[in-house]
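What follows is a pair of complexes built around chain A, which joins chain B in one and chain C in the other.
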Partner chain A sequence: MISIRKAVSLFTILLIGATHVVASETDNATALTIAKERKQRDIGWGTTEANVTMVLRNSQGQEAQRELNVKSLEVSDDGDKALTVFNSPRDVKGTAFLSFSHALEPDEQWIYLPALKRVKRISSRNKSGPFVGSEFAFEDMTSYEVEKFSYEHLGEEEVNGEVCFVLRQTPNYDYSGYTSQKVWIDKSHYRVQKVEFYDKKNALLKVLTPQEYKLYKDKFWRPMRSEMRNVQTRKSTYLITEDINFDTELSESDFDKNRLKRAR
Partner chain B sequence: MIRAFTLYGVLALANNSYAEIEVTGSAGFEQRYFLQDALYENQERTYSSAFLMPEVYTQWNDGADTLVFKPFYRIDEHDDERTHGDIRELQWAHYADSWETRVGIGKVFWGQTESLHLVDIINQTDSVESLDGEVKLGQPMVNFNYFSDYGMFSIYALPYFRERTFQGDSGRLRPPVAIGDALYESDDEQQNLDIAIRWQSSIADWEVGLSAFSGTTREPELFTTPNQDGELVIFPFYAQIDQFGIDVLKVSGAWLLKLESIYRSGQSEDFAAVVTGFEYTTQGIWGSRYGLGVLAEYQYDERDDNFFAIGQNDLMTGLRVIVNDIAGTEVLFGFVQDLDESSTYSGFVEASSRLTANWSWKLNGYFFSADDTEDPFYFLRRDDHVQFSLEYYF
Partner chain C sequence: MSHKSKKPFYLAFPKASLVFTLLVMALALIGAQNLYFRGDYKVFFEESDPQRVAFEEMQNVFNKTENVAFMIVPKSNDVFNQDTLNLAYDITEAAWQLPLSTRVESISNYQHTYDLDGDLIVEDLLFEKLQNSEELAQIEKVVDSTPEIFGRLVSKNKEALVVDTTIQLPEGDQTKAVIEIATAAKAIKAEMLERYPDHEIYLTGMVIMNDAFAVAAQSDAETLIPAMFLLIFVSIAIIVRSVWSAVFTMAVVIASIAITVGLTGWVGIYLSTATVNAPTMITTLAVADCIHIIVGVKYFLSKGFSAHNAIEQSVKVNKKPIFITSVTTAIGFLMLNFSAVPVLAHLGNMTALGVMLACVFSLTVLPSMLVLKPLSSGSAINNTLFVRWGAFVVKNHKVLLVFSLSTIVIISAFAMNNRLNDVAVKYFDERSTFRQAVDVNEKIFGGMSNIDFVLYTDTPYGITKNDFLSDVALFSEWLSKREEVNHVLTFTDTLKRLNKNMNGDDEAFHVIPGDSELASQYLLLYEMSLPFGLDLGNQLDIDKSALRVIAVIENLGSNEITQLEKDAKAFFNSLENKYRIEAASPPLMFAHIGERNMKNMVWGSVLALALISGLILFALRSIKLGAASLVTNLLPAAIGFGVWGMVSGEINMALSVVISMTMGIIVDDTVHFSSKYQTARKENKSAHESVIFAFSSVGMALTTTTIVLTLGFAVLASSSFMLNAHMGILTIIIIVAALIVDFIFLPALLAWIGDDRQPKRESYT
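Right after this comes the complex of A and B.
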């Protein structure tokens, strides 16, 4: 009797194990399809220019603000180009940050320091470093590319009243500050509703919640407000889009490091 | 009716021609404290000073034309030469897609290294302002830049020369006698027309620049002679020089490898100089938010006896601590060792942070040691000082 029971339970374990393996393989294919669809739905925006307020809040609730102008250029089959110019705080007014992001190759980055009139190439190895003292790391600010991650489908869950696919994405690029990210993508428009970032010890570090999605050009959804909350330090950063324009006259040449001196 | 139209016309014109004018700038208070009694007469232990640097900016043609005016003035409690004004910028710029031109007084920076700026030659150093030589006087110029797939090509015509500023009789950080009036090799003196050209490009992980300059040297040689009363005077002599420069930076993971080199002819000896080193940056030190940068640069200069050629065979090492806080706090510790003379070295600390969106502070300390009476630092051996400044940005 005992041996039969043992045999049955062993068989059950084998059976469950086998179905689990089959399920995860198809799930990974599903996960990749979802990731590709997320990217596909945001292709063709071309250029944008946005005025953004960044609100940094420490654990005591004290706040500081940064005003940024962000110009972006879509690059097909590669990461995007972005030019960020600071308007405040005043001591860094005119400081410009130019970034060419790439899927797996290291990003190329330059910073322009107006007081010295100096353009400095900076190392993009510091992906995990905070962007201007905020809770956003440099790697959180670069463009989303499918190849940057490996995917795993974890199921479905409702977030912000939207039914979402839940994926675990593991960075394929070097020097990330995260072991993985858990991403909630809504089924209705493939918009990111929530991201959890797990640190090198695999502990939950930060939670990103994009809110107030608005539709532009009948195709492109952009969150007007994103909160990045560090659950370990209880600091948070809000990115508030004051305005965003998809009909700019920007071209490739506006994203040239020799022209950073024109930024204002 | 005609009147109404005229009025409307004037208003429309006014609307078009009066572009929006933006006034920003900074002002600050600075306190310098010297740790030792002065070596020379008339020098003090503490120096208070204050500065104002507004910036007026306007643009038209959708930003294709810009005009900037940036005057500067500092009042120093004791040093008449440090009480000085300058027009840092008064420049019109026109931007086209593949070229731009800048006409007027402006500032240009060339180079890649941190401890010395050998290649950077367009602007004169406002040396009474800061010890690191990074504060510059406005330079009158006509500049044309052309952007191509092969990099940026620049040409500069520099019709007027600016003399380097030096501390006065009551100032510290000077030789035993205050530096006097300038002498020139060129008969045109300050009106000599200087010319510079430069090419700069980013090629994958590399930043490369080549430059050439022909005209009045920015770095004078100092000569000592007795005057009519038999007193010794030191005067700066500005020769006509030709200088070629190369500056290179290579990104390699977290490493930035840097090199600058020049060859200059026309002064009392022709010479080459080099500065090369690295900067390594890492974030999240020991699981914290802190970032850390390690810098080292080796300085070499063929010249033996020039007051300003301090990097003859020297090694600079530095440590930059980046707090990554809202206030943007950073501290840089540096140490420069003369490899020929172990008793000659200097150290510095530069810390800065923000108090509010408009106020920030800086705390700098500079320390010198030299036993060698021939060394420029020998004159500064008692000029160790700390300075605190509080700055308001508007």
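Right after this comes the complex of A and C.
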């Protein structure tokens, strides 16, 4: 579930069918339509493989880096599958992480620890924890699914020179770390331009700004750089896509916990 | 008399001078709107204070440690029951709603790890509220075997639980946020007490302490200081037997304070726990100045002078001593700029300004008011008592000199008993709810002070190296064995537990993993399993190169805490590794500031004394008299700290200010007495006659000032904020000592050295 390709494409995906969303008011209906369109525009990419650098920075200005290889598999009608392999730091090189993400149920996660030479299942009800000490939570990195949230249309605003729909999305998952998120989706391509995350006490916690969008296969937009800034602790994390490949040889069988040991 | 000279402006046009003063006051007060109050403890430290820098850097690298802690004490004295654990669960949930909270830790959300069929399970120890008591035994077993919570979140005697909330305070003025958070915490406490009646809940933590600072300053400013003014007003009215005298004195006091505070606002300085005392200090000298003038007027009225002449005469004879006193006091206060504590420097500058304003007003505005509303001559002052005392002193001066000097030496010797001791949590007395919580915490947990040690490897993922971890484990064990250390939070405990979990919960694996890659990968796995707000950011830095070990210790005094710091560093360095160790925490900041401040203040006081002595010598133009005054000026402080050594012996940073603060009154007494003595000598009176003359002309004024100020400071001494209370008590001791010295030692000394110069003995009946 830690689909980093997701992190890369955070929220820029679109929707499959029916939802639990109650759209009694027209505004909420509008919001849902926007959310569905967002998902719709990112359907059909199949598989990707990306090399990603994560740069962590604390309020003292110190930095730390992690290099990851992320393989992703699109799953219709459910969250996607992702296989993440650590290339650095050296001490965790070769550690492989497989996740099957789900919209409203706990994700399934396995990890292969090369030093132990064993695959371990990670039990986790919460998706709110930070991913490898970064400002990205697991739930920020998993695939966007329409039914993960309830929506409210807040209006329109210009961000990064793009006119955007502004939505408030409230997580439907019980153990989310957020009360809500405010999302700016540009009208031109339904790409996420900005997300504000509100914590349990409904105070602004983090701001995500995806930048340098690139178009792949004439259809799929991916940001090459995403900044997640924690406004409370003043720590931040950059997620930088070094390269991404949409023409992979990957298949469903590559995303199997029994093959984790051989993941590279 | 002075009819030859032109009448001064304030006597010729009294109304105009009053209007002018009011105008100045109004202009100054516009600046008061810039004032804001800072109640947090950081106002006591300069930006460049080394312990503050170390602490802030640590807070930037690791998560902040400023916190609100809820301590839950069930009346049953055993926390392992359904109700108490559910209370901890509810407070944990509620604490997430505290403004600016970033982390909440308790027994309920402790991330319990165990092995289940070869998989690592990480989950809340209390995932939901308990419906029955079935799980209690299991939970207790986990607590017993988990050093990360046992002794920290659950007391070792199992009488109390702690829900610890980390707060991310904003930069700059934090007082508003602090008060808001403390208010919210108190609301949670009240609500929970209603739902769980068989429990006590106590609030502690840095944020609550900051709130207590703010509340203390505020309540003293709102209740004690007005009460003090009232008492001063009433006692002046009674002793001088004139309500108008009291009104005029207060008018001068208020004008001096208002302009000082207003100008402070113009300059852009904030108010703080220390500077709220500036009005009190300005009051002391303003009152003394006014009393000298008023008593002088009454004295001359009783000699048959007209109202105008009496005023003019009083101003004339008092002008020089009041000016000298004010300048010397101002110098004393300006010396606070030597202090290592920024707010004490603010206090010094404000008071120096106020004292000079009081000098000007008592010599201008006060006479103007006295012209407009002349004092009745009916209530003349009876000086017989002072004249008789003067005669007695002169007659027995040798005996008194020997006797008083030896008494002073003996008392002063007790000053050796004093020790520097700045324990911030003990700045509040037993009446404060914060102090009550501190005391209960001390009883159950052994104390809430802490020292955070950061161990640096300076290489990414250096903290998982086996030799480093072994040293950290040795260091943690060393800390745990220290008597004053109550709990040690160390990552090595977590790693041992993970190693065990990953090996089928086999106790044989409850050790640090031998392979650093294995340790790194366990850590990665564990970090991936932790929920929001419970990550390891409070113990590990982002590139895993440094580790923080948190020692919770007794609420030690300054010396003990710096000793522990020194010993701990020495032990770690004795392990002869290539790693660095740093220590920081607010209690450590307070421990060091007391020492540094005292050192600076000693130099400040020496310089002040040198300047003041020079001034007195210059003003009196007599080496002998100057030397006598100088010695007399030194004694009251020596006596004061001697008495303090007998009754308390604890010196906090506020007391290092008392010398500067009382310097004014001490010098006031001496200068007025000496200058009256000198006046008489110049009129060719004998030394003995001159002493008696000095007694008859200033005895009343000095006594009145001392009584009035003693009463005033007695109010401050009743404060529940120890910094203020101790300041009040020591000030009283010193000003009373000053009066006694000036009424026994100084006249005896003057009578004695006067004899030397004028061998012929004279009668003085």
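In this section, the second predicted complex is superposed on the first by the 240 of 264 C-alpha atoms of A that agree within 3 Å, B and C clash if a C-alpha of one lies under 4 Å from a C-alpha of the other, contacts with A are read in each partner's own complex, and residues count from 1 in each chain.
Note that in this section contacts are C-beta pairs under 8 Å (C-beta built on N, C-alpha and C of every residue); 3 or more make two chains touch, one makes a residue touch a chain.
The model shown is predicted, which means the values in this text are computed figures rather than measured ones.
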item	value
Combined model on chain A where chain B meets chain C, clash or fit	clash
More chain A residues in contact - chain B or chain C	C
Touching partner for A:129 - first (chain B), second (chain C), both, neither	both
Touched partner set for A:59, first chain B, second chain C, both or neither	second
First (chain B), second (chain C), both or neither touched by A:259	first
Touched partner set for A:117, first chain B, second chain C, both or neither	first
Which of chain B and chain C A:46 touches, first, second, both or neither	neither
First (chain B), second (chain C), both or neither touched by A:97	second
Segment of chain B intruding into chain C (one of 4-12, 76-84 or 112-120)	112-120
Chain B and chain C contact sites that coincide on chain A, given as residue numbers	56, 58, 64, 89-92, 116, 118, 121-126, 128-130, 132-133, 177
Touching residues (chain side chain B, partner chain A) in the complex	24, 26, 57, 59, 63, 66, 93, 95, 97-98, 100, 107-109, 112, 134, 145, 147, 151-152, 200, 202, 207, 249, 251, 253-256, 281-284, 289, 291, 322, 324-328, 354, 357-358, 360, 391, 393-394
Touching residues (chain side chain A, partner chain B) in the complex	56, 58, 64-65, 88-93, 106, 108, 116-118, 121-126, 128-130, 132-133, 177, 251, 253, 256-259, 262, 264
Contact footprint of chain A on chain C as seen in their complex	57, 60-61, 63-64, 96-102, 116, 118-123, 168, 460-461, 464, 502, 515-518, 520-522, 524-525, 527-537, 540-544
Interface residues, chain A side, partner chain C - complex	56-60, 62-64, 86, 89-92, 95, 97, 109, 111, 113-116, 118, 120-126, 128-133, 137-138, 175, 177, 200-201, 203, 232-233, 235
